[in-house]
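For clarity, chains are labelled A, B, C, D and E in written order, and residue numbers in each chain start from 1.
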Amino acid sequence: HSVWAEELKVAVASNFSVTMIRLARTFQEETGHSIILINGSTGKHYTQIKNGAPFDLFFAADRHHPKLLEEAGLGIAGTRFTYAAGRLVLWSPKDDYIDPEGKRLAIGDFRHLAMANPQLAPYGKAAREVLEKRGLWHILEGRLVRGENIGQTFQFVKSGSAELGFIALSQIKSPGTEKIEGSYWVVPRSFYEPILQEVLLLKDSPAGRDFLRFIKGEEARKMIQSFGYDTP
Amino acid sequence: MDISALWLTLKLAGLSTFILLLIGTPLAWWLARTHTRLKVIIDAAVALPLVLPPTVIGFYFLVALGSKGWIGGVLERLGGRPLAFTFSGLVMGSVFYSLPFVVGPLKDAFSAIGRRPLEVASTLRARPFDRFLTVALPMARHGYLTAAVLGFAHTVGEFGVVLMIGGNIPGETQVLSIAIYDHVEALQYDQAHWLSAALLLVSFLLLLVVYGMKHRRKKEAFR
Amino acid sequence: MIEARFRITRGTFILDVDLQMPSQGITALYGPSGSGKTTLLRAMAGLDRLTDGYLKVGEALWQNAHYFLPPHLRDVGYVFQETTLFPHLTVRKNLEYGFKRVPVNERRISFDQAVDLFDLEALLHRSPRHLSGGERQRVAIARAVLTSPRLLLMDEPLAALDLKRKREIFPFFEQMNETLEIPVLYVSHDPNEVARLADYMILLNAGRLQASGEIRDMLTRIDLPLAHDHDAGTIIEARVSAYDPRYHLAELEFIGGIFTVARQALPLGKKVRVRVLARDVSLTLERQSDTSILNIFPAIVEARSDAEHGQTMVHLNAGGASLLARLTQKSVEALGLSPGKKVYAQIKSVALLE
Amino acid sequence: MIEARFRITRGTFILDVDLQMPSQGITALYGPSGSGKTTLLRAMAGLDRLTDGYLKVGEALWQNAHYFLPPHLRDVGYVFQETTLFPHLTVRKNLEYGFKRVPVNERRISFDQAVDLFDLEALLHRSPRHLSGGERQRVAIARAVLTSPRLLLMDEPLAALDLKRKREIFPFFEQMNETLEIPVLYVSHDPNEVARLADYMILLNAGRLQASGEIRDMLTRIDLPLAHDHDAGTIIEARVSAYDPRYHLAELEFIGGIFTVARQALPLGKKVRVRVLARDVSLTLERQSDTSILNIFPAIVEARSDAEHGQTMVHLNAGGASLLARLTQKSVEALGLSPGKKVYAQIKSVALLE
Amino acid sequence: MDISALWLTLKLAGLSTFILLLIGTPLAWWLARTHTRLKVIIDAAVALPLVLPPTVIGFYFLVALGSKGWIGGVLERLGGRPLAFTFSGLVMGSVFYSLPFVVGPLKDAFSAIGRRPLEVASTLRARPFDRFLTVALPMARHGYLTAAVLGFAHTVGEFGVVLMIGGNIPGETQVLSIAIYDHVEALQYDQAHWLSAALLLVSFLLLLVVYGMKHRRKKEAFR
């Protein structure tokens, strides 16, 4: 326990927010610091930080944005590291629709395939790589519906509007939410560049450093893994 | 890509505005002239969608339109194509969401006419629909202008609902507002600025023409 | 015959009438402000949907307890008390509004005719916003007339018009009545106007029918306010029997003699109405000569009714025609005017003009 | 003295007047429909901001080429031609609107006084929407009067009122004029009303000042339409010299003799105006006896002007007072009425009532 | 957390509506009564923000409000606190974005009154501001109702601008619409449904009260 209880404003990428709630609760119990979570898309957070947002920590959904901020001198140099790596899943709420090898993609008997926008979201970029690797990109391009982020992509599929979609493993594995039904294919890591999510300390403070230390710790890594992420 | 998005945007906004005025007219007329308890409820219900965030509306819409949702289910049973991720779905969502912006001004415009001009028309042999067309409509033209401008502009700018229902399919459901948004999110500020400027300019010119026409008419009326 | 029965409650005001009026000619609806004239007209036009109403125009039933013909099917022309022109239409379009909605074969007046009569040529392209009060009113009357209605309802249509205009329009209403056979129900406050124009009269007071009947009778009935009015008088039917173009004098034969009236040429044999105001009649015991008064008739005093403030209304019988003379109490006593007395009634010919 | 000079262009219509009117008494603004009466009134109230105008009321300059006093500072009361009450206020609130905005020490009429006079008690809590036409007009006049204006502009304020109401309200305007010293500029189409009420008269025609002057003079000027009117006549100033309560007869002394008039009691010495209509005057060569006519005066024919259609207007001098008599051409010739001829003018006393 | 978001939402919407009516009134009044060329331009400019996606507006706002932006820069030089990520910033953004929904109906309402009632008031000694308050305002009350409802509801539901400018800081700038959005994004559908339902209910009741009052008044007027 630290001597002074501090308050940390933590900007966290939407895809990681459920996991972060659990992490933060544990950290708060252990240290007495309080954490205010600010959900949002990494792009928005980036813009806001550039324009003076009062955030202490930035948990991004990619490596790109924290790196830019660090280079711009808006973060504490040397505090940037990878806290999680996302896993891509091809999922459908229908049972037995997706086989463990994901051959359904090639069969192509669906109207819409959902994925995140590859220009904006790392999961989208990864999904695109998978399709390209399988040589299906040009075939399926016309049937793609693209969510702004991975959360929206999930909603496309969940509502049944798209029959299947590439989403994050964390979205169907979260212990905190309802049991996810349906069928899925966990895409092998070799099919796409790792989806590395990095954190950056924006304002130096003992509590901030404490939190980074906690994230790196064994307890936190276990927790992160239990939500469907890889950890370095 | 951006040209097709512009075209799609104008098509969506134009069509939505048209449908909005079409639906809004009888609704506003009825609201302006009835005095039942029911009216108050409908009055409130029309403005209600506004209080939900567009994305959330979009989400509920998506759920309703999906094959398990009640709209989607009914449509499917009737053999229709599902509406999600189609242009028709976009139109439907936009209309639903912009309705209060059209109904409000129209209702006020109809109220402001009062009963007298319609009574006069009825003693001049005009049947109800006839006097609606030849007296109520032209006398409510200020309200129509406001309603059309608000409905059109809101549809152009709105993207929460559209994003959700449309699925951002280039050439089909990717409107300009989404394109701009995407550019901003992707830190492609130059493109975003450029597109925003273009959109603003086109809209400004459009609005100038519309208001300019009204202005000319008013000036005439005062001379 | 037009039969109307209405019971209408408006706040503390109740209109409760059961009346009949001829389905031709001009009927005046007369009564003080607030007596329910507008309310009655609106009910007849069907503008206020009333459960408790009955209206039959000629053979056509317009409404009863179970049936209600909406206003646009009623074939009425209505001139509202506050002239309402369509502000979004030009004067021409306003006039055409009703005209175009009447089937061609039912039109009994042409567009140009109405424009001419009401002198609207110069206004046709104008917006109603920029018309003067009287101009607006002329347009409103013309617009109503152009629907060739089966019943023309007019709520003080001439209030904003000057005398000259009124005189130009009066004959048209008579013509409407005679050649077009459009009955007119006409609200007016002006007893002169009423006497001049109307054939029949309905007298409203505080929402009730006070009296109704032929204008002749109404003007002399002493139980009604009209006979006590400053403009009380009688109406006498006459026939043109001669015309002297040199002096522009017409001779009008009536039951009690011959009126001499300065007038423009009148066709021989034409039936006319002559109004004799009580205040224009003076009485003498001897026939006077060397007077400018041309119309002197022997008459017999029939009755006297005391009017207020020292004035007396003397009822006369001039060879069958009834005349009223309003005299001072003093004169009545000085001349000893009791029933049966023979007198000479002097009427200034020019007083018969109108 | 009120001096007004305006030049206003409205489409093809041009109002171009330069006029003076007394800053006390009632001035009638008379002219055919469309002659610019409303336009003039609006300009005087400052409702249309004109560059080319000059207006001075008494000592106060209200506008000239460089100066413009906005309407709310002009102390005018305005009764609009189309009565406009505030629809969102009750009748009481409407009346109070102007009243409350006048400083207490400048008020010259109390709220209750106005309510009584215009008989508005029963309407006070009502919404203007549900008033009859006449009721609305009464409220509008009362509202304007309650601002105790320095100039009351009224655009046909009595058009929708019945005779009885008019008669009730007339004396008030006279009182306004006499005790409150509020000058009134009053638009009217009704020559009777004008003659009865006005002291001064402005005659507009097609946007130009046709004539203006004392009402007496205006009514007899043959170059003006009024003298040819059916209601042409003269106005004679008189003084109450006796009253006979038995016959309710007042004697009114004027320059040419004594009028005998049936009236309610009049205070001795009171100055009154008597209107003698040309059509009420008949002429005889001998003084007649045994007649109901009480007012017979010797007079001398001064001039003759041919009116239209066989009628002639004879100008008389009755001991200094001028009278008009409208006779038929035939009578004029029969009696040989040329200038200088001595005659007796007979005037029915009751014709002097109004 | 969600209770504070609800409170914040109502505070934001209430305050914004108030300011909107305050700013919208003179603007609408001017627009309804002027006939210069400038008017047409302003007319168009007022509706213009609508055509940009809210997030993009928010983005530009953020840039302008930031210490490098022109508003922020000026403010900073004047010694003021920066507006971004504060409640005041939110209010500013909301007002800017909802302005057309308020100006439109007000403008129409003022136009509908016409000149006559104001002329009458001026002859009854009311100075310009007095007659505006006692005649124009009450006669335009329909327009005010519509404007207030649209402005309020739109501010409640809008979240693009607010999200961008406010930074979604719980208790400070996290309004209900963002909270709902967050729940949906975080797949916490139960909470999202629950919050949406609560928001809808509260808004519905609020609207019922507002429209019910109007209804009562109108009914009276017709009796």
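Assorted remarks:
What we mean here is this: a contact is a pair of C-beta atoms (placed from the backbone, for glycine too) under 8 Å apart; a residue touches a chain by one contact, two chains touch by 3 or more.
Computed from a predicted model, the values in this text were never measured in an experiment.
Chain centres were defined as the mean of their Cα atoms; on that basis the chain farthest from chain B turns out to be D. Chain centres were defined as the mean of their Cα atoms; on that basis the chain farthest from chain C turns out to be A. Computed from the mean C-alpha positions, the centre of chain C lies at a distance of 26 Å from the centre of chain D. Taking each chain's centre as the mean of its C-alpha atoms, chain C lies 60 Å from chain E.
In this assembly, the C-alpha centroid of chain B lies 56 Å from the C-alpha centroid of chain C. One simple way to say how far apart two chains are is to compare their mean CA positions; for chain A and chain C this gives 91 Å.
Multi-chain contact residues of chain A (touching two or more other chains): 44, 47, 152, 155. Within chain B, contacts with two or more other chains are made by residues 55, 59, 181, 184. Within chain D, the positions touching two or more other chains are listed as 11, 82. In summary, the structure contains touching chain pairs A-B, A-E, B-C, B-E, C-D, D-E. Across the interface of their complex, chain B is touched by residues 45-47, 70-72, 74-78, 80, 82, 84, 86-88, 97-98, 101-102, 127, 129, 143-144, 147 of chain C. Residue ranges of chain D in contact with chain C, taken from their complex: 10-11, 31-34, 37-38, 81-83, 126, 130, 132-135, 138, 155-156, 159-165, 189-191, 229-230, 244, 247-249, 260, 262-264, 279-280, 282-286, 288, 290-294, 309-311, 325-332, 335, 337, 346, 348-351, 353-354. Partner chain D is touched in their complex by these residues of chain E: 116-117, 119-128, 130-131, 134-135, 138-139, 141, 221. Interface residues of chain A, counted against chain E in their complex, comprise 9, 14, 17-18, 36-40, 44, 47-48, 50-55, 149, 151-152, 154-155, 171, 174, 177. Chain contact summary for the complex, chain A toward chain B: residues 41, 43-44, 46-47, 111-112, 114, 117, 119-120, 144-148, 152, 155-156, 159-162.
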